[in-house]
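Order of writing sets the chain letters: A, B, C, D, E and F. Residues in each chain are counted from 1.
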Amino acid sequence: MRALFVGRFQPFHKGHLSTVKQILEKFDELIIMIGSAQYSHTEHNPFTAGERIEIIKETLLDENIPFEAIYIIPVPDTGIHPIWVAHVQSLVPSFDVVFTHNKLVEKLFTDKGIKVQHTRLLDRAHISGTEIRKKIAKQENWEQYVPPKTAELIKKKRLDLRIIELFGEQK
Amino acid sequence: MRALFVGRFQPFHKGHLSTVKQILEKFDELIIMIGSAQYSHTEHNPFTAGERIEIIKETLLDENIPFEAIYIIPVPDTGIHPIWVAHVQSLVPSFDVVFTHNKLVEKLFTDKGIKVQHTRLLDRAHISGTEIRKKIAKQENWEQYVPPKTAELIKKKRLDLRIIELFGEQK
Amino acid sequence: MRALFVGRFQPFHKGHLSTVKQILEKFDELIIMIGSAQYSHTEHNPFTAGERIEIIKETLLDENIPFEAIYIIPVPDTGIHPIWVAHVQSLVPSFDVVFTHNKLVEKLFTDKGIKVQHTRLLDRAHISGTEIRKKIAKQENWEQYVPPKTAELIKKKRLDLRIIELFGEQK
Amino acid sequence: MRALFVGRFQPFHKGHLSTVKQILEKFDELIIMIGSAQYSHTEHNPFTAGERIEIIKETLLDENIPFEAIYIIPVPDTGIHPIWVAHVQSLVPSFDVVFTHNKLVEKLFTDKGIKVQHTRLLDRAHISGTEIRKKIAKQENWEQYVPPKTAELIKKKRLDLRIIELFGEQK
Amino acid sequence: MRALFVGRFQPFHKGHLSTVKQILEKFDELIIMIGSAQYSHTEHNPFTAGERIEIIKETLLDENIPFEAIYIIPVPDTGIHPIWVAHVQSLVPSFDVVFTHNKLVEKLFTDKGIKVQHTRLLDRAHISGTEIRKKIAKQENWEQYVPPKTAELIKKKRLDLRIIELFGEQK
Amino acid sequence: MRALFVGRFQPFHKGHLSTVKQILEKFDELIIMIGSAQYSHTEHNPFTAGERIEIIKETLLDENIPFEAIYIIPVPDTGIHPIWVAHVQSLVPSFDVVFTHNKLVEKLFTDKGIKVQHTRLLDRAHISGTEIRKKIAKQENWEQYVPPKTAELIKKKRLDLRIIELFGEQK
């Protein structure tokens, strides 16, 4: 059985890692689908798909996740909801179940007869991409909310600086 | 050092596998970029990106390629050559060298100052995607030109039948 | 029960009219889907979607087809086969069966689990859009292959002249 | 004389029906153009073009509007104002006058030399798509603002439930 | 040496003219790149690219700027930041330095290794496109913030009226 | 009076220069519209819009054409004929007459009520973009068919080499 996990991973955080682990307890294979893949250099989507893919792969290897069970696949947004599921289906291998906490994503898949499941959420007030990007922008402590390898790579590639600059320009 | 290998992989064949092995002798990591990712169900591009990704991953695992060193990433065509390199760079992790046997791809990368290298080619008269698709369409012997796992999956998923039908409709 | 009939209708001809009548013998409602709707002013697609819609509606009324049972809906091409069925489904009311003589269209629908049926064909050597456009371009007798109202409107709107000009410019 | 009536019809309501009737008093034929046709599953555009077309057709038949005089045609947004009138003109039959209460639509047509007229408005504070969608989302009484057949179909197809879910996810 | 000056010029104002003059003191040639070229008829982008090009050319000639040193080139937005620099580079002649006061534009160019410089700003509180469009919409005195020829052409072409109408419709 | 001259200018040749001179005898201003602006690095469109703009500007200055009377504006293809005239009209200043030798371009403009005129043609068998690109690819004598400055710049920028490479890869 193969599961699809949909996210933007801006950035990959401990909630995402927990979801990956929970899914792998029950499924043989997992597709991590990186949504909004074409965007970068915005407050909402600071990192390119390539940067996100590399960070996720390095982090999963660092966490000893069995990488043979994993697909990491970027999927650009279409902006058109009624064709989005077919678009996803053409870009990723076939899957049996979808995992998402986004209600619209859930609705689009269930409307096409595809099963959606949920994982237990960690502390959502703090562990969310939006909150973590804000903390990075304000130069507050954010490293605790992401896996160690993710924090290391964001700093090594100076992607924290990009977020600070992107948020700064709005003022 | 990380290399980028550009292809459409319609289908993945023994020439591709040889290239993967040759690159991994010299580079730590390899990005297999699946071009024309949005297309399927044509004579030129019969398989979806998702199908191609799954076949390549399964084949590499079957061939005992160290999968931790591999990225497999679909990249849709833009149709606009002068922006294509930037488009690729945003969708894949950073890379040091490009491998391709396509002259236009080579020119587009070298025009942007990116290094392109070549691998030794196997018997190109037979081992080319175009030739293999034709053989599948004519129901001639094609399995010898692709890795065993690739042949197995194409038949199991009945993708050979799709090619026969797609070629048939042109008559 | 509602049927979908897919065509480009460049122009609407007696084969199309026969198909419409055959479908209405068995189905309560019929959606006539005008494909490649965004194109016009080419040899392959000389008429705009608006022109095709008007000609078909006027012809069906002239032929005493019960118009309350008919939908005529333009659908632009996407150019991307794997999302095309979802695209069609979002632009037309739900349907139970598809009628088409195009093998690719048939394959795309059946791959998504949608039933495809066929009608008896009239004399296909002469009654085809391609042949009729050629005859119009050469100013040969073409009126016999289309319903009388269609011929009348093409001439009244001088659309035959457009075809002659479009073919002429290629020489 | 043929009139064009531009709207999104999310959903079709009594104001729209009144406009249709007023136009048919003065014009032989009416094109009901369904704008933003590619969108669905958003708060602003919950229904697909196909759903809107079916609801409008069924409602007009139920209201004994002479259907031979009607075209119902979906038109996708282009997002580019200066080409929008030409885009509309290619997708619908030729028309003599435009009816709209949207000031931008009016300006775009009049800038191209096309005549725009207005109908008498019903109680706009309540009978507007935006207000009706909000009422549906809050499960307040909304049926009185749309024609009976429209209310019946929205409930039968459970499209009211979709609006409740789409609004719910924003909270 | 050739400089690129990036703006939307909605409308061209005295700050833009000052920047043009400052650049021409140091560079042989100047490319004035008109961004968001495809848009018009919105509050943010009221004028078409064609209107902006004509106004800028006429104004520069009126100001005795040596026109042989000038390129005025429209560039449509892509909406995709990571390919934007390559898109610009394909549409304009090669350049040595970029002038912009937009932080995102600056970041996108510097990330690609392209040098960005700044000119001295005039009174930015009043001389900004946003402020001038608001003043035009409110029919306040705005002419003092733009070069005389620009003011003359805006009024002659009745583009001030378009802004008033576009802002008005939002109320 | 302002004229629009439509071409792709791959490359700008003596026929184009003759047309420019003939138009300027009768019109105050001339817009040179560079079509298919987004394309480059193909046999049909080897040069970018930026390269074409620079070559044309330098050539006109070298030929002592009064540059204050000239606009050089790139226009990307839309691929959709019925919206193309509106697209052009939004990207260039208003114009009174169009000059083109392309029958489709002529038809699209005249269908919208815009006047099209012709200039006397030079020796078309040799002086055509297609013929000149072939000669460059075969390294035959081509310089005599383009203005001296154009030949100089093509060689200085090594664009002749690009054409040789692009044609070569097809073999």
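Details
Note that a residue touches a chain if its C-beta (ideal position, glycine included) is under 8 Å from a C-beta of that chain, and two chains touch if they have at least 3 such contacts.
As the structure is a prediction and not an experimental result, all values here were calculated from the model.
The set of chains touching chain A and also touching chain E is given as B, D.
Chain pair A-E has a twin interface among A-D, D-F or A-C; that twin, with over half of the contact pairs alike by residue number, is A-D. By the residue-number overlap criterion, the interface of chain D with chain F counts as same, with over half of its numbers used by both chains.
Once the centre of each chain is set as its mean CA position, chain D and chain E turn out to be 38 Å apart. Chain C and chain D have Cα centroids separated by 26 Å. Taking each chain's centre as the average of its CA atoms, chain B and chain E sit 44 Å apart.
Those residues of chain F in touch with two or more other chains are numbered 38, 40, 48, 80, 82, 89-90. Touching chain pairs in this entry, ordered by label, are A-B, A-C, A-D, A-E, B-C, B-E, B-F, C-D, C-F, D-E, D-F, E-F.
On the chain E side of its complex with chain D, the touching residues are 38-42, 48, 162, 165-166, 168-169. In the complex of the two chains, the chain C residues touching chain B come out as 80-82, 102-104, 107-108, 111. By the touch rule above, chain F contacts chain D in their complex via residues 78, 80, 82-83, 85-87, 89-90.
Against chain B, the residues of chain A that register as touching in their complex are 37-38, 40, 48-51, 53-54, 57, 61, 67-68, 71-74, 76, 89-94.
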